[in-house]
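Just so it is clear, A, B, C and D label the chains in written order, and each chain counts residues from 1 on its own.
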Amino acid sequence: MSVLPVLDVVLASLVIGVALFTITARDLFASVVGYVAYGLLLAFVWIRLYAPDVALTEAAVGSGVTGVLLITAGKRLGALKNAAPEMRPGLSLKILTGVLATLVAGALGAAILMLPDPPPSLAPEAAAAASGAGAGLKNPITAVLMSYRSFDTMLEKIVLILAVVGVWSVGADKAWGGAPAPLRQSRPYAPMVLLAQTLAPVGVLIGIHIFWTGADAPGGAFQGGALLAAMWMVTMMARLAGPPRIDAQWLRMAMVAGPAVFLVTGLAGGVLAGSFFAYPPGIAKPVILAIEGFMVLSIATALPMLVAGPPSERPDQ
Amino acid sequence: MTPSVLAGLTGAALVGLGLYGLILHPHPLRKLLAFNLIGSGVFLVFGIVARRGAAAGFRFDPVPQAMVITGIVVAFAASAIAVALILRLSMQSRNVTLDAEVWTRPNGGDAT
Amino acid sequence: MNELLLGAAGLIVLTVAVGLARILRGPTDVERLMAVQLLGTGGIAALLLIAYATNVPGVEDVALGLALLAPFATIAFINLLDADQGDAEI
Amino acid sequence: MTTLLELFSVAAISVGAFFFFAGTVGLLRFPDSLTRLHALTKADNLGLGLVALGLLPRADNTLSALKLIVIWALVLLSGASTAQLIGRALRRGRK
């Protein structure tokens, strides 16, 4: 096992190097490419920290979807680039900021070196959650998300919906109800169409697989939903499908489904199992899987809508 | 130097780098990128807390890891709102900068 | 045998890391794109090797997800380049 | 039989790693974008393909083996089609 420590050092220096590049790169495009590479590298770091669940989320959301969001934003912003030239900050400000940033990083690093020993841990509680209320979940992270800290997870879904509402409300008043601007303006080339047509069905299958194994192995609603979202975005980027109108009934229902089902089950737990968000023993696992299924639907619709942006055209009817 | 300490120090360095970019870049999307760097640095610190908290038969403490997963998704939602606001702001003002001097110049933020 | 798998993984990561110099050097954005794609593929290969050598569960699924997402950012970049060059004739 | 498989596995993985090495050298040393693209596709298709092929005999069950094959197929598909797209973007020349 003598290779792994070397690998760790190489990985850490790569992460810092690429981060440095994204900060210092001259143009936006280069810095976004750097950011996508940075997300991939971080996913490998998470694997080394024994966190494949986080690695998958980071690769899908942190690197992939965020990258596409920034590229699309840069493209839309590019049309306005003629405005004010960028101001370069002065040398004294640079030095001052550098000192501040070094101090903050140094303090954080010192705190990390002085972390308490033995380390505090909530793992026993999570183990209890995995074998107790969320009976039969072999993946402790899913047990934590769906049982031990279920309230957090539900509120997090609501945050996602609020974010979509926030993005939509930024659009012009007269465009309300219309569809967001398409992710690709011109007709796609044949290879892109082929890629999207082949990738999307396989991707949907893999997304569902990752959601389904999430109960017992790394994976789960977040990762599966993010992969499905990515596949929908691929079809939109290849212009196989346009973004839907934001007043579409099915879209809104799909987005609200996750937290709504979660909340109803939580309330039902208050009546049937004695406390808010308690699952009735015996059928806990199927109930959790059902909630997660609706959460996948919500994530898979909310993420692409966040990337597509506010409605852009006047609804034509 | 264990792998977890190394990852933690990497996280600290990322926070520092992100802070530097956040303060100095006048371009709003670059600021957003820098902010995301800070975020992932903080997530890494969470990660080593999870790694150190290995107990009860797990190789990691699942609670901080679960929080990082929700954190990544929430960070993305916040970035999406920021992007929407940036685009709207530049459409209104035709300015693609957050530099205070440009905005306070007599003819700077004219379209308000 | 496991040592050999890890060695191969280390070698691949190292070479791909050196390839990242293309992100720095450019000269055009397309080169940067290629370097990221090489990083993605090399990362998948290294992950698979590590997964088989260390038996950490779920690493295979991460590799699967990465393989699925490999062309994702590239398509967005291509769209951006096309938009820069005006409407495309087929 | 097992030693033969073992040998095959080692050989395939080593050749795969070599193709990654060759692809990287090409990406760094070749003179223009199209030749660099050519080098990249070698690393993508052959490098990962041979590594997956070498790991195939070591898969515990059919699902694992299937995953290896799907990963290879996905990378082949996306590598080939993005190479087309990148090549076209290059040929149109302004970037």
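Everything that follows uses one rule, which is that a residue touches a chain if its C-beta (ideal position, glycine included) is under 8 Å from a C-beta of that chain, and two chains touch if they have at least 3 such contacts.
Keep in mind the model is a prediction, meaning the values are calculated, not measured.
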Can you list every chain in contact with both chain A and chain D? C
Go through A-C and A-B and name the pair with more C-beta contacts between its chains. A-B
Quick check: how many Å separate the C-alpha centres of chain B and chain D? 33
Gap in Å, rounded to a whole number, between the CA centres of chain C and chain A: 19
So, what's the distance in Å between the C-alpha centres of chain B and chain A? 13
Distance between the CA centroids of chain B and chain C (whole Å) is 23
Chain A residues counted as touching two or more neighbouring chains: 4, 50, 53, 74, 189, 192, 195, 199, 202, 206
Residues of chain C that touch at least two other chains are 29, 33, 35, 61, 64, 68, 71, 75, 78, 82, 84
Residues of chain D that touch two or more other chains sit at 70, 74, 78, 81-82, 85
So the touching chain pairs work out to A-B, A-C, A-D, C-D
The answer for chain B against chain A in the complex is residues 3-21, 23-27, 29-30, 32-34, 36-37, 40, 43-45, 47-70, 72-81, 83-88, 90-91, 93-97, 99, 101-102, 108
List of chain A residues in touch with chain D within their complex: 189, 191-192, 194-195, 198-199, 202, 206
Residues on chain A engaged by chain C in the complex (per definition of touch): 1, 3-4, 6-7, 10-11, 14, 17-18, 21, 29-30, 33-34, 36-37, 40-41, 43-44, 47, 50, 52-53, 55-56, 59-60, 63-64, 67-68, 71-72, 74-75, 78, 183-187, 189-190, 192, 195-196, 199, 202-203, 206, 209-210, 213, 217-219, 223, 227, 230-231, 233-234, 237-238
Residue ranges of chain D in contact with chain C within the complex: 6, 10, 13-14, 16-17, 20-21, 23-24, 27-28, 33, 36-37, 40, 43-44, 47-48, 51-52, 55, 58, 64, 67-68, 70-71, 74-75, 78-79, 81-82, 85-86, 89-90, 92, 94-95
As the complex stands, chain D meets chain A at residues 70, 74, 77-78, 80-82, 84-85, 88
